[in-house]
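Got a structure for you, questions after.
By written order: A, B, C and D. Residues from 1 in each chain.
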Amino acid sequence: MEALVRANTGFEPSYGKDSVTARAGDLIRQFLDADAEVRFLGSGTAANAVTLAALCRPFEAICCHEHAHIRLDEAGAPVFYGGGLGMIGLPGAAGLIDPAALIETLAMSDGASVQSPAALSLTNTTEYGAVYTEAAMRALIEPAKAAGLGIHLDGARLANASPLFDPKAAARMGVDILVLGGAKAGMTPTEAVVIFDRELARRFDARLKQTGQLPSKSRFLAAPFVGMLEDGALIRHAQHANAMARKLAALSPFPIRYAVQSNAIFVDMDEAAHARLHSSGWRVDRMWDDTVRFVCSWATTDETIEEFAAGLRSAA
Amino acid sequence: MEALVRANTGFEPSYGKDSVTARAGDLIRQFLDADAEVRFLGSGTAANAVTLAALCRPFEAICCHEHAHIRLDEAGAPVFYGGGLGMIGLPGAAGLIDPAALIETLAMSDGASVQSPAALSLTNTTEYGAVYTEAAMRALIEPAKAAGLGIHLDGARLANASPLFDPKAAARMGVDILVLGGAKAGMTPTEAVVIFDRELARRFDARLKQTGQLPSKSRFLAAPFVGMLEDGALIRHAQHANAMARKLAALSPFPIRYAVQSNAIFVDMDEAAHARLHSSGWRVDRMWDDTVRFVCSWATTDETIEEFAAGLRSAA
Amino acid sequence: MEALVRANTGFEPSYGKDSVTARAGDLIRQFLDADAEVRFLGSGTAANAVTLAALCRPFEAICCHEHAHIRLDEAGAPVFYGGGLGMIGLPGAAGLIDPAALIETLAMSDGASVQSPAALSLTNTTEYGAVYTEAAMRALIEPAKAAGLGIHLDGARLANASPLFDPKAAARMGVDILVLGGAKAGMTPTEAVVIFDRELARRFDARLKQTGQLPSKSRFLAAPFVGMLEDGALIRHAQHANAMARKLAALSPFPIRYAVQSNAIFVDMDEAAHARLHSSGWRVDRMWDDTVRFVCSWATTDETIEEFAAGLRSAA
Amino acid sequence: MEALVRANTGFEPSYGKDSVTARAGDLIRQFLDADAEVRFLGSGTAANAVTLAALCRPFEAICCHEHAHIRLDEAGAPVFYGGGLGMIGLPGAAGLIDPAALIETLAMSDGASVQSPAALSLTNTTEYGAVYTEAAMRALIEPAKAAGLGIHLDGARLANASPLFDPKAAARMGVDILVLGGAKAGMTPTEAVVIFDRELARRFDARLKQTGQLPSKSRFLAAPFVGMLEDGALIRHAQHANAMARKLAALSPFPIRYAVQSNAIFVDMDEAAHARLHSSGWRVDRMWDDTVRFVCSWATTDETIEEFAAGLRSAA
């Protein structure tokens, strides 16, 4: 927020040519240890949709986890942006795609009557709080690249994957496009689109403009990244949130479904208990896998965890 | 084919203003006992896609059977034509949608992050040769219409649904758009798009033109319908095909999965037997439900059935 | 900016259910003296595109001024959002559509091979700083509505049209959708989409979500409107900008092309003078009509005007 | 028509794997003296739209003549197929693009707010009956290819361009995709899509399927090409039509606007004369350039020309 107010002073050229945008791009390239084109968008949905559309033609398909946010929770945004592209949902525990399922899909021959894979989309951390290690991600990226697919990484919560996953690994494994999340990391709404493959970046601003995603005042979207990367807050805040999730897991009277690797925990909770929790003022959502999710943020305190754990005990 | 050659004589106005197109439209309205706008298209995929797009906006969805042809076998054509619309696959035996599954889907509240239902697409006869009776279809259409959905009927094999389903029932149950199949009924490639709701027909020719589906010489697509409706061949040929399927079912050494209600039978056959059948020269396809399908046509003879049954016995 | 910082305090529900968004909606309804659904978007391009797509099907067209921003300067955003819709450019002085040209276009019969008009888009103030009075706008809206067209008003600079045009006139003339500009009025990037026709608002949030335009933290986009409507700054700042433009016009050594009715002036300036002006540090753009445009804002001071006028004299 | 009836005998594999389709492809490669992928579509509108979409992304544009059929007469089909692509209309006499206008357009720098050129579409013979010679076409193709554009040739009337233009020149000049017309050459509705660049052909059948343009019974669309290429009728009929047009031009009492180079003539005719001609039973259309067009076909006889010329004299 401070960086944002600072960005409001003085006159700056518009459409991303300003010094704040340039500084944020440099910090992100440094954070990822890679050359890349960087753009800032105000919406995670749009950031994923516009980048997936760059990797897949309308008569082709994106492979992703069957519960991927892009497939279930964005009202078909990638399909719309991609002019009708298909989305192939693959199974796997805790939101991690099963490599065997991917390989089987890639092995199916191209047919005229189906939308064949053109890209692989991974989410780290996953929708269920799991973290792909570099080795686990490689087991998916390598066969995908061998089959000619482009690689998309939804990093809305990439900071929370650290330290199990090093953000610098994305570029060296051949990720083509990364969406690095700001909003879920505690910023005002902003996401960084990081395009490692310069060929894909050709006329990207026209693509953004046509989709209504080229901000005239990019510095307002870039500023939070400057603020949180300059002093290391992006990772520091994520580590705090992860620690709070581990603390909450230790206190939960409800069974934890998946290993707690980031800032969210997923518990089995029957409807009656869920209702009791709601009526005591705590709002938590049921997920596609029927678990109930608790998410911790940079702003979550020990007190909040203890208070919430007490609420859980009452509801249980 | 004779009707087609006849359509080639004399000069006729183009873009559907000719007498053959007019005559075919009249015969179809009579066949369906209903007022309707009728157009002729050269592709069943396009006929379904363009009509589904008329019933559903890009951020909404079509409800259909999970194995519906429009969902699995058309390379995303309805999604492309509909600018990114969603397709919700519903379960049910033999390609017949389970009414409880439909009602459950309709009951889910409209959310901003999902594509909510705007239309119901039914297929009669279904992809697995089953026939919706009028009552069975009503059990789906009524809740759908109560929820404000438009109704689409994929009638690529509607003639084969007779006599279990009366084609005249479509209009009286409130079907909005019917695609009446020609190609699968033995015609050269042609499908009739029948629009019962005149409001939906507004500027439909511009819609067809923009999608590359407004034939300049409509009479070549309309003529086969004239030929096969004037002398009752449409139903007569379908009845013959259905009879051949029943005969084949009686002779099949492989277990029949579904009741034989139209011109196709679906059997359980292991890979080894399937391979033996192929190597003896019979090409039959494995379906999404893992059955192997045999389809009979107006041209199938008793001799072919017996010969094929012998082939099946050898393969078994 | 103050309102924005204030919006950052406390916890609020997301996706537009917060109190800031509600308050901003109320203030806008009051400002326009009309009932309406209101949404806040971060991009003017998107706000226009998503609303035009709601008024026009892909095989239809939008009528607008031939130099309209939506037609020339948004990389085809309305066409993309509208799945391929057409844009019919109409002539007229100073960005004001000539009513005779509109009426002639409406009189052309619907043909299958053209995209016929489904909506009229007006811009007030226009791209050339002119203002439609209520009577002038009525002369366009009435024939358009009689022909069944929906009405879209691009109000990126609506505040600057005051007092020649009363914002309250939009609803009573039958405008269906208004985009009320924030960014050009001095706010951080935000535009209000105002939907007067509730039927058009059905599932609008899913439409926004699919196009990547449903902000998770709507309060950051709504807050500037609260700030600038509560104390009348929206109109007050616009009046200031308009006064500065009049002052600049009086001092300009270059001939003024159009009557100065809002916050911009358009002058005839040859390439050599334009180059001299640039090299002295003033960056101003040449427009589609070959004029050079100077825009004043709420932040423009008397001193800036005098300094710039001196620059103009040197360049002349 | 004979070839069509012949194609109806025997059983053949579907979806373009049949011997008639293979034979037609060979004859077309021979006719064009080039290697290429060939597909047969039932609609010229679709053939142009699907191939233009293969050359241009939604945020880019096609350069074509301002009166090109693809731009004015197909209800936005290329825009729809291309997901919102732009069409830049270039001026030039008789439908021939002015090379200076093309070069000027190519010289404009890529901007984020416009759709920049990605492909050039040429029509030979043009909408006004003119023929590009190989040299004239080269003057457009060379700068376009130098700027990275793909080349599309609308050859709906390519046969009529002979002998001024040799069809074999298309491939050697670097045309990427040619649509070779059947319908306008006297066939039942069919067009051949000829893809010289094999990379562009990747997954083309899925593209066709998704757009509803993959015929299940390709042989019916391929057969007319077999019939008319085997015995040279394609060129012979076109030459006949061209000769009839020259004869008509010699007899026309109305001034001929353009040099008669193919099978159509374009005359200046006032509304009163046009009305008299219509009322005497001759239906001819007024074009975008305000001329009235007369088109001759393979079936036009000397007697028809004389009869029509008499009608023209009465109307004059």
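Everything that follows uses one rule, which is that contacts are C-beta pairs under 8 Å (C-beta built on N, C-alpha and C of every residue); 3 or more make two chains touch, one makes a residue touch a chain.
Everything quoted here is computed from the prediction, not taken from an experiment.
Comparing the CA-atom centres of all chains against that of chain A, the greatest distance is found for D.
Between the Cα centres of chain C and chain D there is a gap of 41 Å.
The centroid of the Cα atoms in chain B and the matching centroid in chain D are 34 Å apart. With each centre defined as the average position of its C-alpha atoms, the distance from chain B to chain C rounds to 48 Å. The set of chain B residues touching two or more other chains comprises 58-59, 74-76, 80-81, 83-84, 112-115, 206, 209-210, 214. The touch graph of these protein chains is complete, with an edge between every pair of chains. Taken in their complex, chain A has these residues touching chain B: 58-59, 72-76, 79-86, 112-115. Note for the complex: chain A touches chain C at residues 1, 4-5, 8, 41-47, 49-50, 74-77, 80-81, 183, 188-189, 206, 209-217, 220. Those residues of chain B that touch chain C in the shared complex are 15, 57-60, 83-84, 110-116, 203, 205-210, 214.
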